Each structure stands twice: as C-alpha cells, then as structure tokens.
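Below, each structure is written out as structure tokens.
Heads up, the next two complexes both have chain A, just with different partners, chain B and then chain C.
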Partner chain A sequence: MTGAAVRAPGRAGVRIGPIGLAWRPRVFWYTVASLGAVLVLVVLGVAIGSTWIAPGIVVRSLVGLETGPDAFIITTLRLPRVLTGALVGLTLGIAGALTQTFTRNPLGTPDIIGVTSGASVGAVAAIVLGGGTYSVSSLVLSGGIPVAATIGALIAAAVVYGLGWRGGVQSYRLILVGIGVSATLDAVTSYLLVRAKITLATAASQWLVGSLSSTSWSSVWPLLIVAAVAVPIALATSAALGIGQLGDEVATGVGLAVQRHRLLVIALAVVLTAAAVAAAGPVGFVAFVVPQVGLRLAGTNRPPLLLAGLLGAALVLAADLLSRAAFPWQVPVGIITTVIGAPYLIWLLIRHRKEMSR
Partner chain B sequence: MFSVPAPSPTLASVPEARVTDATTALGVHRTAVRRHVLVIAALVVVLVLVAVASMLLGSNRIGVDRVLDGLMRTGSTTDEAIVWGSRIPRTLIGAAVGAALGIAGLLMQGHTRNPLADPGLFGVSSGAGLAVVLGVYVFGVTSTGATVWFALGGALVASVVVFSVTVAGSGTASPVPLALAGAAVSALLGALTSFVVLTDQDSLDAYRLWVVGSLAARQLDVLGAVWPFLVAGLVLAVVNVRALDALGLGSDLAKGLGENVLVARLVGLGGITLLAAGATAAAGPIGFVGLTVPHVARALVGTGHRLTLPVSGLVGAALVLLADVVGRLIGGFSEVEVGIVLAVIGGPVFVAVARRRSLVSL
Partner chain C sequence: MTTPPSTPVLEARGLSVGYDRHPVLTDLDLRVERGTVTTFLGANGCGKSTLLKAFGRVLKPQSGEVLLDGAPIRKEPNRQVARKLAILPQSPVAPAGTSVLDLVMRGRNPHQSWAKPWTADDADVAEQAIAATGLTDVAHRDVASLSGGQRQRAWIALVVAQQADTLLLDEPTTYLDLAHQLEVLRLVRRLNREQGSTVVMVLHDLSLAARFSDRLVVLHDGGVAADGAPHEVLTPALLERAFGLHARVFPDPVTGAPMIVPEADEHDASLHRERETVLASAADLG
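Up next, the complex of A and B:
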C-alpha cells in the first residue's frame, strides 16, 4: 500500500497517507444526511422531556452560552442520556458492520464472538445474585452491573477467540465456536432467570432488552473514550476489510497479513460492543439491522462503516425519544429500536426485489 | 450481494468431470458407504439405550421391576402414574421433539445456506413465544395442554408472515433475503413479547419457564396435539431431500438440473415450519438442537441430505433424551430444564467437535 497515489481507473478518489478512499457519491450523501439527522436528534432529545426546553436554549447551553435551571437540567440530566444513546448506536453499528463483513454473513452480528452472551451472564448474575443474597444498595448495583457486564464480555470473547484458534482463526470455525460458547452462556443466564425471584427477574429482563433509563456521566466517559480510540482505527481498516472479503488466499496474495487483520477486526468489534453493552445493555437489533440498511441505502457490496455507525446513533436516539415521548411508562429503548428497525429492513427487502433476486 | 456466489462450472465441463470421478472413486465410495451404515447403526443403538435410560431413571427412584410393573399396569397405582403419566410421555415427546428440531435445523441451514440459521429463524419460536405470552396476559391460560395450541398457532402465523415477506422481496425466496426477513420478523415479535412481559409479571413468570424449553409435566395429550404436524413436516422434509441437494449448488444450477426452485422452497419451508412449530409447541423453543445437530451430522456423513437427514433426526432425538435424563438426575427435587442442560453440556461438546473435525462447510 505504498508508492505514489494510484487512481483506480474510472473512479475518482482521495488519498491521505496510507488510507485511500474511492469517491462514492451515494455513500457520501447518505453519510452527510445521517450525520445531520444525528445532530437534530441530539438537540431534540435534550429538548424533549418532562419539561420542554426550546431548541434555541438547548443549542446555546450545549455551546456554553446559557446558565440557569434549564442548563442544569440539560447538562446533568438529559445530555448524558442522549450522548450515551448516540454513542451506543455508533459503536454497535460499527461493530456490526465489522463482524458482518469479516464473517461474510448478514447474521454475523457481534453476538457470534460471545460478547453479548458473556455480558448478559455477568450483568444478570450481578442483578440476581447481588440483589437476592445481600441487600446491596442501588448505588453499588448500578456501578456493579457495567463492570460485571464488561468482564463477562471480555472473558467470553477471549474464550471464543482462543478456542477458535487452530494455527490461525478461520471465520467458519470461529462462528461455530461462537455458537457453542454463546449457547452455554445463554443457558446459564436462563437458569439464573428461572431460579430468581420474580422482581429480580423483571429487573434482569429489563437490562437484557437494553435500556437508557439509568445513564449518567459515568456511563458516558468509558464509552466516549472507547469510541474515540476504536472508531478511527476501525475506519482505517476499511480498505483491508474489502480485501479480506475476497477470501484468505486472494487476500494473502495481495499482501494482507490475514491473521493480524482478523485479530484487529475482532478486537475492535469486541471492545466497541462491550463498551456499548456495559453502558446500556444489549440494545436490541441495532448491530444487526443498521449495517444491512446502510448497505442497501449506499448500494455497496459491504456495509459502509461510518454510515452504519451514524445510522445506529440515529436509530437509538430516535427510539429513546419515542420511548420517552409516546408512552406513559418508559419502554426500554431496545424494544423500540427493534420495532422501528425490523419493519424498515422488511420494507427495504421488499423494495429491493430486483437487486435481491440474483 | 453479501453471500458469495456459488462457482458455476460451464455445463459442458460437468459430465466429463463426473466420468473420471466415477471410475477413480469407486473403491473410496464403497468404504464410505460402509462407514455411513455403521454410523447410522451406532446412532440407532445409542438412541435405544438413551430411551431405555429415560424410562428407568428419574427423580422418583424406582427399580426396573417397578417400572415393568407400571408398564404392564400390574403394579401399584403410583408406579403406573410414574410410568404412564411421566416417563412414557417424556420419552416419546423428547425423542419426537429432538428428531423434529434436528431435521428442521438441517433443512433451514440447507435452504438459507447459512451455518448460523436455526429453526427459529423463521419466526417459529418468537411467534410461539408471543402467542404463549398473550395467552397468559389476555386469557390467563397457563396449563401445558392449552399452551400447546397457542404456541402452534403463533408459530404457524409467524412463519407464513416471514415467507410472504421473503417471496415479496425476492421472488424465489433466495437464501439471504430469507435469513434477513426471518431475523427481522423474529426480532420484532421478540420485542413485542418483551414489551408484554415487562408490563405484566405473571406473563414474565410463565414465559421465563416456557422459553428455556422443558419436557416436565407433559402428558400424552401434548403429543396427541402435535404429532400430525410432526408427521406432515417429516414427509415434506423427505420429499425435499433431492431438491435441497440441487439447491446447494446454487439456484441457477438447480434450475438447470430441472428443479422448480420456488416449489422446492415452498416444500422445504413448509416442512421446517411444521416440524419446528410442533416441537416448539410441545417443549418450548430449544434452539440449540436445530442449530448444532446439522453441523454434527455433516461432520459424520458429509453434505448429502439423503444421509444427513436421518442422521440429524437420530442425533437430535438422542441428544434431547439424554439431556432430559441428566436434568432429572442432577437437580434433586427441582430438576433442571432440558433446554438448559442441553446448552450447558452440549455447548462445550459442540465446541470440541468444531475444533477437532476437519469442518464440512455448507
């Protein structure tokens, strides 16, 4: 990947250092549009709540021009929730695009590396065992769940990767190992749920759907740091992802260090997903649907990473907004992301009949 | 599209290749047949042994003589109740459910050409789950006998929806749209189920027990309700075998070989739906069997569906029965549900298989 800037014949492009990007107008405009949608949704998400705050004041507070009671509500109560939602969507969307691309399987969500199952065991155990055996204060519990989820996610992912390793990791073997490990962990979660007191089972079920109701600045920071580090690296691997899709032999022939590339992609997906799940629980369906929608909107042969991330952010923000505005009790955001995302994907599938029938 | 297109050899080159294959591979072929017969015979023996164990062992520790007495209706009423009210229904339902899920999973992975596809991908499990929850929430139905009908209805309706979406989306229901439509509909139904169970604690209580998959407290009337679906599904699956092998080469080549792709899909998906719906209604959604058994079957006898179909059925049946027996024994008074045992023990075993075997991918 060195040497003078070489342009693919017939397609304009830009090149910054080792990273080259082809000019794809559809990807570009959809990315710009979804970025705009995310910004609008952030402002709306902060404006709408038990009291309405005019968007003008919201924008002024966000840039630090406003002080007073409204600014307090905005910066301490609503902004962390909205930021968490946006970051959860961004990280899940990009993680989903990464795993779907490298497994070459639209069902290959980050779940297959065991992240979600591991996080669920950790969190459900913290809720059920913590709340059942000892009387843990809600403060300890709210600090404990993200930590338990993160530990569970990382251990599970390491186990899947380690067991999938046989002189290198091959995506098919990794998928199968992931199925086995996830099934075992999910069964442990089920066991905990079935044996738990019904009130604790309800709390655990709520977490398992994905919810933004207990977010604060302490959930924003870890997520923000992970996103700031991992998202740029993920975007930089985009070209290698395209090569990796050609199959191991071709990719090696073209000069890609296949195993190193695969480890990097898996590590990125794991870290991004674990951060999101620790902050808000496994928010339903985002990592699966958003890359598929991005791919169909942009007309590319694999999910565009940044577009998937921004669509994810927009989806989670919109879902959170709906759950706060449209229901008498706060429906967990994971339910709404699915209720919005699934019909949209179905509609896209029907509309794209001609392209799909090949 | 996202899936890798199957390599399509030019039609002229195919017969030539086949002739050379046939002459050189004759000896290899004969040993392979002998091995396959051995595998199937061994699986039948294992299934019989596990079924006997399922009749003899349970949380009520009664001896062989008392089981036989109960079976002949010559012993005490307690023995008779244990054998006819619990052991026989569990053994029959367990074997039927396991075989049905194994075969449904095989067909599902064959039609979607996706190793991650399980029988629940068509919305069968999630549709049944939503119907069960609504049964509790709206009508207050909690008995196993009545739940079966709700689960059956929900499963059938959901799979019809998935299939309509797919055909509307791709004409011939090709693999990728099928998987996507199924996953989307399943997720939607799952979200609605979550909505209900988070609103109503009684529904959650019933749902969390149903969703893990269990054979406990099933009477023979459960089998009476689901057997027509299972038998019809099995017939469709067997009819579908040849077409499925052709479809494995890709839709275009299958068309070239004279298969009507849409009809083949309809038959296959009908079979999957009936088998999975019957099994799910009887024992709850045991996703693990349908997901993993086909991989084991392919590792044992290769990819041809004429062999993998019976092998999947046998492995599935033996696996579910074995897990149920283990669950009865390890839990003491409160036995562990079959779905949990399956995944906790079967998961690591499956990982070991995936690591050891030279994998036979789809």
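Up next, the complex of A and C:
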C-alpha cells in the first residue's frame, strides 16, 4: 500500500443517520446556499405585487411584529401564493430526485413516467365532474382535488409499474411504458375537457397549465401536511436509495429489503407529486430539471434530495416572480418552468444519445 | 482439508431453482464447509450462476431450501444475513460519479441502523478494505474511470468491507485479461487464507478454477455431475460428459493442478502437420 492512507469520512461532522448523511461539505454548502435563496425569494415574492411592500415590513410581518393594512395583504393575499409555490417546488424536486435515482435514469421523472398525467386526470375529473353537480362548495372542491389527484397518480403509477415489471424494473421499459400511459391519460383529460361545460373547462385548462394565481390558504394546508410527513420519510430513505442504485442483487447482498424499499420510494414520489399537482396543477419540468442541476452542483452520483427540493422551491418562486413582474399580464408559472425545462430535456436527450453511441 | 463435524456454512436441501417454472436445477443437495474455496463449474446454461443466486437468497427456490449456518436463509432478516454472507453478482455497474470510497462504504450497511449510525469504526473498516485490495491510490476516483481489474477489485472491496465470513462471487473474472484474472483470484485466495473466509464462486476457466479452489462442483443436466478436489473431478471422462469436450488433462508444471488441453479436430491436426513440415524443411536448410 503506497501513498498516504485514504481517509474515509465519518470522524468529523454530521453523524446522524446511516451513510447517506455522511459529511459532504459540497452538498452541505450548496444546500445552505439554496435555502438562503429560497428565503430571499419568499421575501421578494411577498414584497412584489400590485403595490410594493418594503422587504423590511415583509420580514417584520412574517415574524408577527407588524399589524396593519400591509400585514393583511401579506398574510392573507400574498403569503399563501408564495408558500404554495415554495412547497410545490420542494415536493416536485424531491419527487423527481426519488424517481430519477430509483430508475437510474434522468428521464425517470414523475412527468414522464405517468404520475403527473394520472394526477391531472384525477384533478380535472374532480373539477369538471364535481363542479357539474349543483351546490358543490369550494371547500369540498379544495378537498376533492387533492384526493382525486392522489388517486389518479396512484392508479397511473400502479399501471406503469405493473406493465413495466419483468422480474425487476428496467428503467427504459418503465419510461417507455410511462410515456404510453401518459399519452393515454392525457387523452382522457382532453375528453373530459371537451365534454365539460365551458366555464368548468376553462377553469380546468387554466389549472392544467400550472398556475399559482388562484391559491389560498386552503391550497397551502394539504400540501404542507403532505410535505411535513413525506419529506422527512424521503430524507430517511436516502441511504437506502444510494444502495438501491447499485442494482437489486448488490442491494440485497448488503442487506436492503429491495421490494419494500421500492414500494416505499414509489409511494413517496406519488404522494409528493400528487400533492403538488393538486395545489397548483402540473407545473412542468420542475421534477425533471432540478434534481439534475442539484446532481451537477453537488458532484454526487445521485441528486441530493434536500438540495433538489430547495432548488425546486427556488425555481418555482423565481418563475412566479418573473411571471408577475416581467410581463404586462400574468403568465402562468407552469409556462415559464416549461420554457426553461424543455430545452434542457432536448439537450439531455442529445447528450444521452451521444453517450450511448460512443 | 479436514471436514469438521459442525454444521456447514451453506447447505442446499432438495433445492429446485429456475426461471418461469422451468427448473434449471432439480432436487439438489449440497453442503459447503467453513473455510473452503468451492467453485461451481459447468457448461453455459447448466445453472451454476442460478445455484449461486439461490445460495445468496437473490433467487427464490421453487422447492427445497437453503440453510445458512443451519437456519433457513429466507426466514432470517435480510440485514442479519448480510452480516454473515456477502454476494458479488456478475458484472455489477456503479452509477456515474460513484467513487471507490462511496462504493466501499456501502458495504457497511448491514452493520448500521438508526440506533448505530456511521462511526469511526466503519470508516476504519472501509479504509482497510480499500488498502487490502490495493486501491488506496485510487480511492477517490470514479469507479467508471478505473481499469477492469481495478474496478473488479473495488467491488470486492465492498464485499470485504461487509466483514461477512462467507463470500459468494459470480464470475469475478469476467471480461478481465489473464493477468487481471490472476490478480483477482489471488486476492480471493488471500482472503480465504488470511481471514478464514469461506468462498463460493462461479468460474468459466477450468484450469484457473482448479488452481484456486479446494473443491470443484460440476453441474450438468439439472444436478451435480462431479464433486471433489480438482484432480479428482477434472478427468477426460467428466469433461466429455459435462462439457462435451474432448480433452487431455495434465498436471500444470507450476502448481501441479490439473490443466486442460483440448484434443485436436481435423483442421487443428492438418495445421499441426503443416507447421511440422515447415519446421522440418527449415531444419533441412539450416
């Protein structure tokens, strides 16, 4: 053995949890930086609007020191929108990181493997069919959309997983099946829209673009509850994810209960995606782009979950700010994230082909 | 090799395994004794990897069972099994961006839990595993950037870091040139000699298997065709039966282990005659 002995991490720094949380300075500092960016964007997001509110007042009222007309605008009108945006980004970012790691493929995102389309069918059905019956209060609707979206996402995930399973999950098979299932589900969504009353169809299509404009505290709470439960569980699976990506046999060899792990990861991704889609519609490409950016920033072999979540929050908040501040009319946030994300997908596909043909 | 009267490390009882209802091996009984190097041999499709997977609880038997230290392996918690038994599948792939250290650290997984997270001891074991496989200088390199031999040693280091007494290795020398094959097998034998590890592996090369194993098990036609020390097992009759190979067996001049030389077919024989003619005419001219 030549040279200086190698130093494995573990003697200094964070020692909570298994391997996955072993001390990695680069991941840590990028995570801290993106948390800072999210906080700044939250304050800016609340400050910017039809009337400008100074960030000092924003911060004071966020911590409860300010009461008055500004505080009302902040806590009742603007804060729910900003919080929804942050939580949508957080949950989509983590869901994307989970599925990309699990399928060992950057294309394996909730958007592409059918989960988002399933959630959309559920939510559109809730809007169109539920709204069609008389006297459906907005309270029932706001409870109905998350539940319907979750059911739709679960069914889509079960179908994709069932068809993609051949004694093991092959990522290409899963992705191809997912694309097919997504197309089918999108057709169902279109059918529902065509059959719906024009007012409901309009509401549903606005929602389908991915928009934060109609958010209120009632859209924050379900999302916050799901995030509060699912995000810590997702973070706790981090070590298992790192092992799972070595392949089923190696993972079994080092003691991972592969089947149970796989079901848990899929369930988490589905619940996180469904919650985000229920709150703001399918905000495009966040789950796809953000984990890959996190992966490249951190220089790790898989997207760090928390970093992906925070970058997702930052992306959605920034896109929403842009949609409100940079255009004379409000552009839905989903259009901006798609404009950013679609070229990235094309670039990744081209690069992927090159890598495969080398 | 003295056979201790204790329970075998691994035992297959009435084992039938296969894929999609097609049994590859039927009603097989086999015991693996502690501290030995056993190699499964056989023609392609004979079920040697299948048997190894059943021993490693990766493949569920269609009937019968596998016992680890006398207890049914599939009834024990996976993590507990992983502390006693390590497996290395054929040609595993590490995701891009995985360093040797990242990979080897995963081997500590069975020894960890929320109650007992990553500690300095785990770091020590990981470092020692890297040192023992001679990878200290490349510990921070991406596994994908290593040479074939180094890469295979990195995977073996993962298995070493697991500190299991028994190692199951499925074709650890695939895609390696001869020098790297030797390097890997010497490492395996050192683990057996120095740490008393029990090794069960699948190999293709008969002569290398004979050189590095205490015991060879040849599989053929859904069962065991021959089982014993290399010089007992590798006979022309067995090679004919299990591999359809006409060959002669000689003691290899370096270690005395059986060495296989295939018999010539007509084409080989005519080539041989041509060579002799050329040599003879060259001798005449000289």
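Everything that follows uses one rule, which is that the second predicted complex is superposed on the first by the 250 of 358 C-alpha atoms of A that agree within 3 Å, B and C clash if a C-alpha of one lies under 4 Å from a C-alpha of the other, contacts with A are read in each partner's own complex, and residues count from 1 in each chain.
Convention: a contact is a pair of C-beta atoms (placed from the backbone, for glycine too) under 8 Å apart; a residue touches a chain by one contact, two chains touch by 3 or more.
Predicted model, so just to flag it, every value in this text is computed and none were measured.
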First (chain B), second (chain C), both or neither: which does A:R104 touch?
both
Given the touch rule stated above, what does A:I346 touch, chain B (first), chain C (second), both, or neither?
first
What is the contact status of A:Q292 with respect to chain B (first) and chain C (second): first, second, both, or neither?
first
Per the contact definition in the header, classify A:T51: touching chain B only (first), chain C only (second), both, or neither.
neither
Tell me which touches more residues of chain A here: chain C or chain B.
B
First, second, both or neither for A:N301, with chain B first and chain C second:
both
Looking at the overlay, what does A:A239 touch: chain B (first), chain C (second), both, or neither?
second
In the superposed arrangement, which partner chain does A:E249 touch: chain B (first), chain C (second), both, or neither?
second
When the two structures are overlaid on chain A, which partner does A:I335 contact: first (chain B), second (chain C), both, or neither?
first
Chain A contact set shared between chain B and chain C covers 104, 295, 301-302
Seen from chain A, its contact residues with chain B in the complex are 100, 104-108, 112, 163-164, 166, 172-173, 175-177, 179-188, 190-191, 193-194, 198-199, 201-202, 205-206, 209, 284-285, 288-289, 292, 295, 301-302, 331-332, 334-336, 338-339, 341-343, 345-346, 349-350, 352-353, 355-358
With touch defined as at the start, can you tell me which chain A residues reach chain C in the complex?
1-3, 5-11, 15-19, 21-22, 104, 167, 239, 242-243, 245-250, 252-257, 295, 299-302
How about chain C: which of its residues touch chain A in the complex?
19, 53, 56-58, 78-83, 86-89, 92-98, 101-103, 105-110, 112-114, 117-120, 122-124, 126-127, 130-131, 134, 136-137, 139-140, 158-159, 162
Quick one: in the complex, what on chain B touches chain A?
1-4, 114-117, 165-166, 168-172, 174, 176-177, 179-181, 183-185, 187-188, 190-192, 194-195, 197-198, 201, 204-205, 208-209, 211-212, 287-288, 291-292, 295, 336-337, 339-344, 346-351, 354-355, 359, 361
